[in-house]
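Each structure below appears as structure tokens.
You will see two complexes here that share chain A, one where it goes with chain B and one where it goes with chain C.
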Partner chain A sequence: MVLVRAVAGRVLASLGTLLIVGLALFVLTRSGPSSPARIVLGVDATVEQIRDFERVNGLDRSLLAQYGDWLAQVARGEFGRSFVTGRDVAAEIVNALPVTLSIVLTAFAIAVVFGGALGTAAALRPGGVVDRLSRFGTVIGLSIPAFWLSILMIRVFAVDLRWLPPGGYAPLSAGLVTHLQFVAMPALSLAVYYVAVLARMTQASLQETLRSDHVRTARAMGLPRRKVVVYALVNALPPVVNLAALSFGYMFGWALIIEQVFNVPGLSRALLNAISQRDFLLLQGIVFLFTAVFILANLSADLVNRLLDPRQRTAA
Partner chain B sequence: MTKLRQALAIVDWSGWLGAAIVVAMVGAAVLAPWIAPFDPVAVNIEDRLTAPDAVHWLGTDQAGRDVFSRILFGARASLAVGIGAVLIGGLIGVSAGIFAAYKGGLAELAVMRVVDAVASIPLLVWAIAIVGVLGVGPVQVGPLSLPNEVKIVVLVGCLFSPVFARVTHAVARRVVSADFVKARWLQGAGHWAIVTGDVLPNCLSPIIVQATLLVAIGIVVEASVSFVGLGVQPPAASWGTMLSDARNAIYSGEWWLPVFPGLAISITVVGFNLLGDAVRDLFDPRSEARTLVA
Partner chain C sequence: MTEFTLDRRKFLAGGAAGGLAALLPIDLLHAQPNNGKTLTVVLPSNPITVDPINQLNHDAMVLGQTVFENLVEYDLDGVLKPQLAKALPTISADKKTYVFELRDDVTFQNGKKMTAEDVKYSFDYLLDANNKAARRSLFTRITKVTVLEPYKVQFDLSEPYGPWLYFLTKYMGIFPVGSRQEHGDAYFKSSPKGVGTGFGIFEDWKPNDSITFVKNPNYWRKGLPHWDRLVVKMIPEDATRVAYLLTGQVDVISAPPPREFNKLKTLPGVTGASRPTLGGALLMYTNTLKPPLDDVNFRKAIACAIDRKTIGDKVYYGLLDPSSVPAPPRGWWFNAAADKELGYDLERAKAYLAKSKYPTGAEIDLSIQAEPYLLDTKDAAIFVQAQLAKIGIKVNLKVYEFSVLIQQAIRGEHQMALQVFMSPGEPSYILQVCLTPDQVLSKSTGYNNPELNGLLAKAFAETDQDKLKDIYGAIQTIVARDAPIGVLGYVHAANLWRPTVENFKVNQGLTISVGEVKV
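Our next item is the complex of A and B:
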């Protein structure tokens, strides 16, 4: 019961945060140097034309009222129609989202599998070869900017070896192999940083658990090493899962840069188009979506921690 | 002094390497106008795309500009954004954290809620969106005309502040309720004296650790935002814009154009990460598990 209340409290707090941060975003997108009406109608438009345009589109009302309307729309799954292109914002997002999602999910899978495996292997033999290699490798992994790695990979795997296409995108409907050929390099370069992050966390957490009293007791009582390690892994999990959930939120942001390098028709292109065309409704929709994903990632990190670690269940 | 020497003895070679890289990069950034062999923005079409040689150590780019000089000047943009953002974030976050811990009650709750809200803003997306909305032009502050990067410094600084606020708050709350602070109270010490003389010094070590690691993240953010054209504006040199300019060279084969600016970023970030790890081991050896992610 206490757990349910704590969870409900966290969910509500996250929702409130999203609403407030969304308002900040709303104000920001309208604080640009020129009004949407001026952008659509051009520099020659008269003051009256602009006033008319603003009245018809509801831009003359208070920001709070406009925000309320926009939220009501979003709740119905509509993001409005762009003033600039006349296209439906939700439809544009729905077109681009699967591309970004595919890259991020693949990268996330790589990060979790390899980060977890590397960290575990390193923690089981402190001072061993894997431990030393991983200490060295993770510092490098944390420090190479993903977009530079992308550039180098394009040179090696697309230009020199001709194994993979240098950019572009093919949806899953074009066949799994073709799809993965296009997703492999973007996902891999996005994943490297998070492999390092998760490997470090797994290693630190598992090593701490292996040093703890209950593990020593279990060993002293003659429990086989493999069993001890399995128990220790379960105990070492909460901080790793927590960090993995946070990472998922961050990955969307960096995917924007990676998509640029590979010229992928994902949310990055939509966002940069929105910026160059001063299409603020589209920009607002995309950034709101990213923020919602990020907040959701934070929330699930917190909830997962509570579920896995009984000590944190009732924390406010 | 001997205490300091004993403490420093546990810093291993990687920590010293990190410190050396950081010192070298800061030196390069500060001294760039004096040590750069060429003007970083001087166009020289006759010398365009020359491979590294004795004159142009790291080659020249499409406009014949010297890559080595541009990397030296690029260090200024990178470090200015990285360190500037950390200073702003540290100032806001540390003040907020100490204020919350010291005041307690409703004020503490309110401040930490705001911190939570700011922490739930995805940094890179917002940096791109905000610069996109405001435009990449210079910022006018009174008579000063500041370059576009200032927006990124302020924004990244604000978004770094929750990290500082949380770590400061956690330590400060313990310090505030400690007996020695109560004793200082009874001695009649003022709020300001207690905050600056007792609370702040005790929070410093985790703050320094976070600051070092955040500089590394700030540098990568600057490079990334500049890479998509929303950071440092041409013709000024930045490692991110240099990599963006180098994208065609991936196919045409001028390997020095994409390789050296990327190396500059990576080496600098390695430096701050190694230094951060070493500082953490020095101050707080048990906190290994707290990894910073961005």
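Our next item is the complex of A and C:
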């Protein structure tokens, strides 16, 4: 019961955060120096044309009134119709979301599996070959800019070797192999940094746990090494889970660059276009979604940590 | 029945084969029967609309020009020729009445025959202020469109104004009577199926990805187009756009990176060409109402201090033809003597500065655009900054986003602003918009000279090219005398394409032209 109450509290707090971010977003998108009317009607548009456009699209009303309307729409699952492209914003998000999700989820899986494995292997033999290789590799992974790596990969794997397409996207319905061929390079470029980050964190956390009293006690009691490592890993996981959840949120942000380089028609491409075209409704819709993902990822991390760590359950 | 057993060796062999298959060349993996010829072209930006009367982006005009056509066409060589009209119009002696004989073999993509009623309807719709067409202002001198016969239509103008014919290709299209009311604006914007007479019928728009058209089987120019499907892809990143071409995913790309262009066009499997546009000018709006640019000698000092040839050769790798007057060096109306008057000459620049109210130099702000459009102007701005420093003028570079910069220029809030200005490629557009009063960019220069205005009105009433050359030559002489606007040069349109593409020609109007391309 205590746990349920705590979870409900976290969910409510998350909703509150979402509302505040939504309002900030609303004010910020409209505080820019120029109206979307100029983008739609062009340089030659007269002042009357601009005013007409703003009136028809409700841009001349107070910010609070516009925000209220928008929230009511969002509650109904609608995000409005873009006044720049005339398309339904919700439909545009629904079309683009699976594309971004498939890249981010693949990248996340790569980051968690390889980062976790590398960090664990390095922590188990400090100073060993894996540890040294891991240190070298993670420095490289942390230092390489993703956009540069992306361009390099396109050059090598698409242009020179012709193994993979230079960009674009094929959905799962086109076949798993084809889908993976399109997702491989963007996901890998996105994952490299997070493999390094998670490897470092896993290694540091596991090494610290392995040095702790209860692990020494377990060893002294004669528990098999494998069992000790598993216990230590579970104990070392909470900070890694937190970082992984944050990474998942950040990946949506970094996908902005990756999707641009690989010409992937995902959310980030839509977001960049929305920014350059002053498409407020689409911009709000996507950033609101990004915020929701970030909050959801953090919430999930909290819940997973409660499952992993009995102390957190009792504290709740 | 054969028994199937799986041992570890078979499993590993199968796994290895699967792994190898995944690494096969993508073309092989995608190999499938090609039942139709698809032409894929790439744009660097994301279009907002297909509708020509609301189109702002010159790259995206390929969409409207695939679906819609006009009475006359300003073609890719910069020649005005009949399109839906049988011939160029008959113009009255007072140059205020234009009569067009229409072709009688043209049908819309919905099967309906095109007649003079459709032409009248299309122009009436464009000119009705309630319809808020973004390009209406270019055609407001048309006061009345009259159907004379089923295939004959007359246009009455409030005053002589020849240039309107040259604006049609970029900013207008003919659509069927009643189609706007029947389908609504959103339809014309994002799914105009069946409402044009063009060679391509709109098929699908995948936002942020591509727009497709299928061949119009009943196109009036028999045998065209040579492709069955046209895919217009949007790829904003330069390197990716080039990679798509190099790997054969696309056939033609626009806006290749200038730095790489000369190298790329020599690569095996790639063909490339560029040609100067007649209307894409790299302009430096000089606000003549704000000191120190209120002094003509100061403005002339700036004009003469800029080495445009070096900008063209070194900054834009040959993709900019230097010009110091608002006329392209390869245009028939270019006045070389006027161009020389404002051309690069450091000693003259110093002499002009010495004669000005600011003999020891001054400090000015130069607004530049953050994101490139057609060309990245930031490098040129840095070069201009260095050049003006040589005669004692300190330039502060101010970077703004496009919509902010253009607002500054429209309101006259800037001192100097550098921007690529794409016009239809006939002589009057830039002069009229930037150097005469009551125009959108009048305040970008703040210039108003009755002598120039009079000459321009004379040009609007003239149709003889030799006489027009004299008039526009005289206008350029005035510009050379007063230096009301900075001009650095005219940009080239450039494209790269695959050798499998035939009949492709770079368009002087920048927009990719696909109607006659074979693939």
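Going forward, the second predicted complex is superposed on the first by the 282 of 316 C-alpha atoms of A that agree within 3 Å, B and C clash if a C-alpha of one lies under 4 Å from a C-alpha of the other, contacts with A are read in each partner's own complex, and residues count from 1 in each chain.
The rule we apply is simple: a residue touches a chain if its C-beta (ideal position, glycine included) is under 8 Å from a C-beta of that chain, and two chains touch if they have at least 3 such contacts.
Owing to the predicted nature of the structure, the values given are computational and were not obtained by experimental measurement.
K.L.:
Kindly classify A:92 by the partners it touches after superposition: chain B alone (first), chain C alone (second), both, or neither?
P.N.:
Only chain C is touched by A:92; chain B is not.
K.L.:
In the superposed arrangement, which partner chain does A:260 touch: chain B (first), chain C (second), both, or neither?
P.N.:
Both partners.
K.L.:
First (chain B), second (chain C), both or neither: which does A:159 touch?
P.N.:
both
K.L.:
Looking at A:151, would you say it contacts chain B, chain C, both, or neither? Reply first, second, both or neither.
P.N.:
A:151: touches chain B and chain C.
K.L.:
Determine, under the contact definition given at the top, whether A:270 touches first (chain B), second (chain C), both, or neither.
P.N.:
Touch partner of A:270: chain C, not chain B.
K.L.:
Is A:53 contacted by the first partner chain B, the second partner chain C, both or neither?
P.N.:
Second partner only, chain C.
K.L.:
For A:168, select first, second, both or neither according to whether it touches chain B, chain C, the two together, or no partner.
P.N.:
After superposing on A, A:168 lies in contact with chain C but is clear of chain B.
K.L.:
A:239 in the overlay: touching chain B, chain C, both, or neither? Say first, second, both or neither.
P.N.:
Only chain B; A:239 stays clear of chain C.
K.L.:
Give me the intersection of chain A's contacts with chain B and its contacts with chain C, in residue numbers.
P.N.:
33, 151, 154-155, 159, 166, 260-261, 272
K.L.:
Touching chain C in the complex: which residues of chain A?
P.N.:
Result: residues 33-34, 38-46, 49, 52-53, 84-87, 92, 95-96, 151, 154-155, 158-159, 162-169, 177-178, 180-181, 260-263, 265-266, 269-270, 272-273, 276-278 of chain A touch chain C.
K.L.:
Which residues of chain B touch chain A in the complex?
P.N.:
14, 113, 116-117, 119-126, 128-130, 132-135, 216, 220, 223-224, 227-228, 230, 243, 246-247, 250-251, 255, 258-259, 262, 265-267, 269-270, 273-274, 277, 288-289, 291, 293-294
K.L.:
In the complex formed with chain A, which residues of chain C make contact?
P.N.:
It is residues 21-27, 29-30, 46, 48-49, 54, 56, 132, 134-135, 137-138, 185-186, 189-190, 206-209, 233, 235-237, 239-241, 243-244, 246-247, 249, 371, 403-404, 406-407, 410, 440-441 of chain C that touch chain A.
K.L.:
If we count contacts the way the header does, which residues on chain A are in touch with chain B in the complex?
P.N.:
Chain A residues touching chain B: 13-14, 17-18, 20-21, 25, 28-29, 31-33, 139-140, 142-145, 147-148, 151-152, 154-155, 159, 166, 194, 197, 200-201, 204-205, 208, 239, 243, 246-247, 249-250, 252-254, 256-257, 260-261, 271-272, 274-275, 280, 283, 287, 290-291, 293-295, 298.
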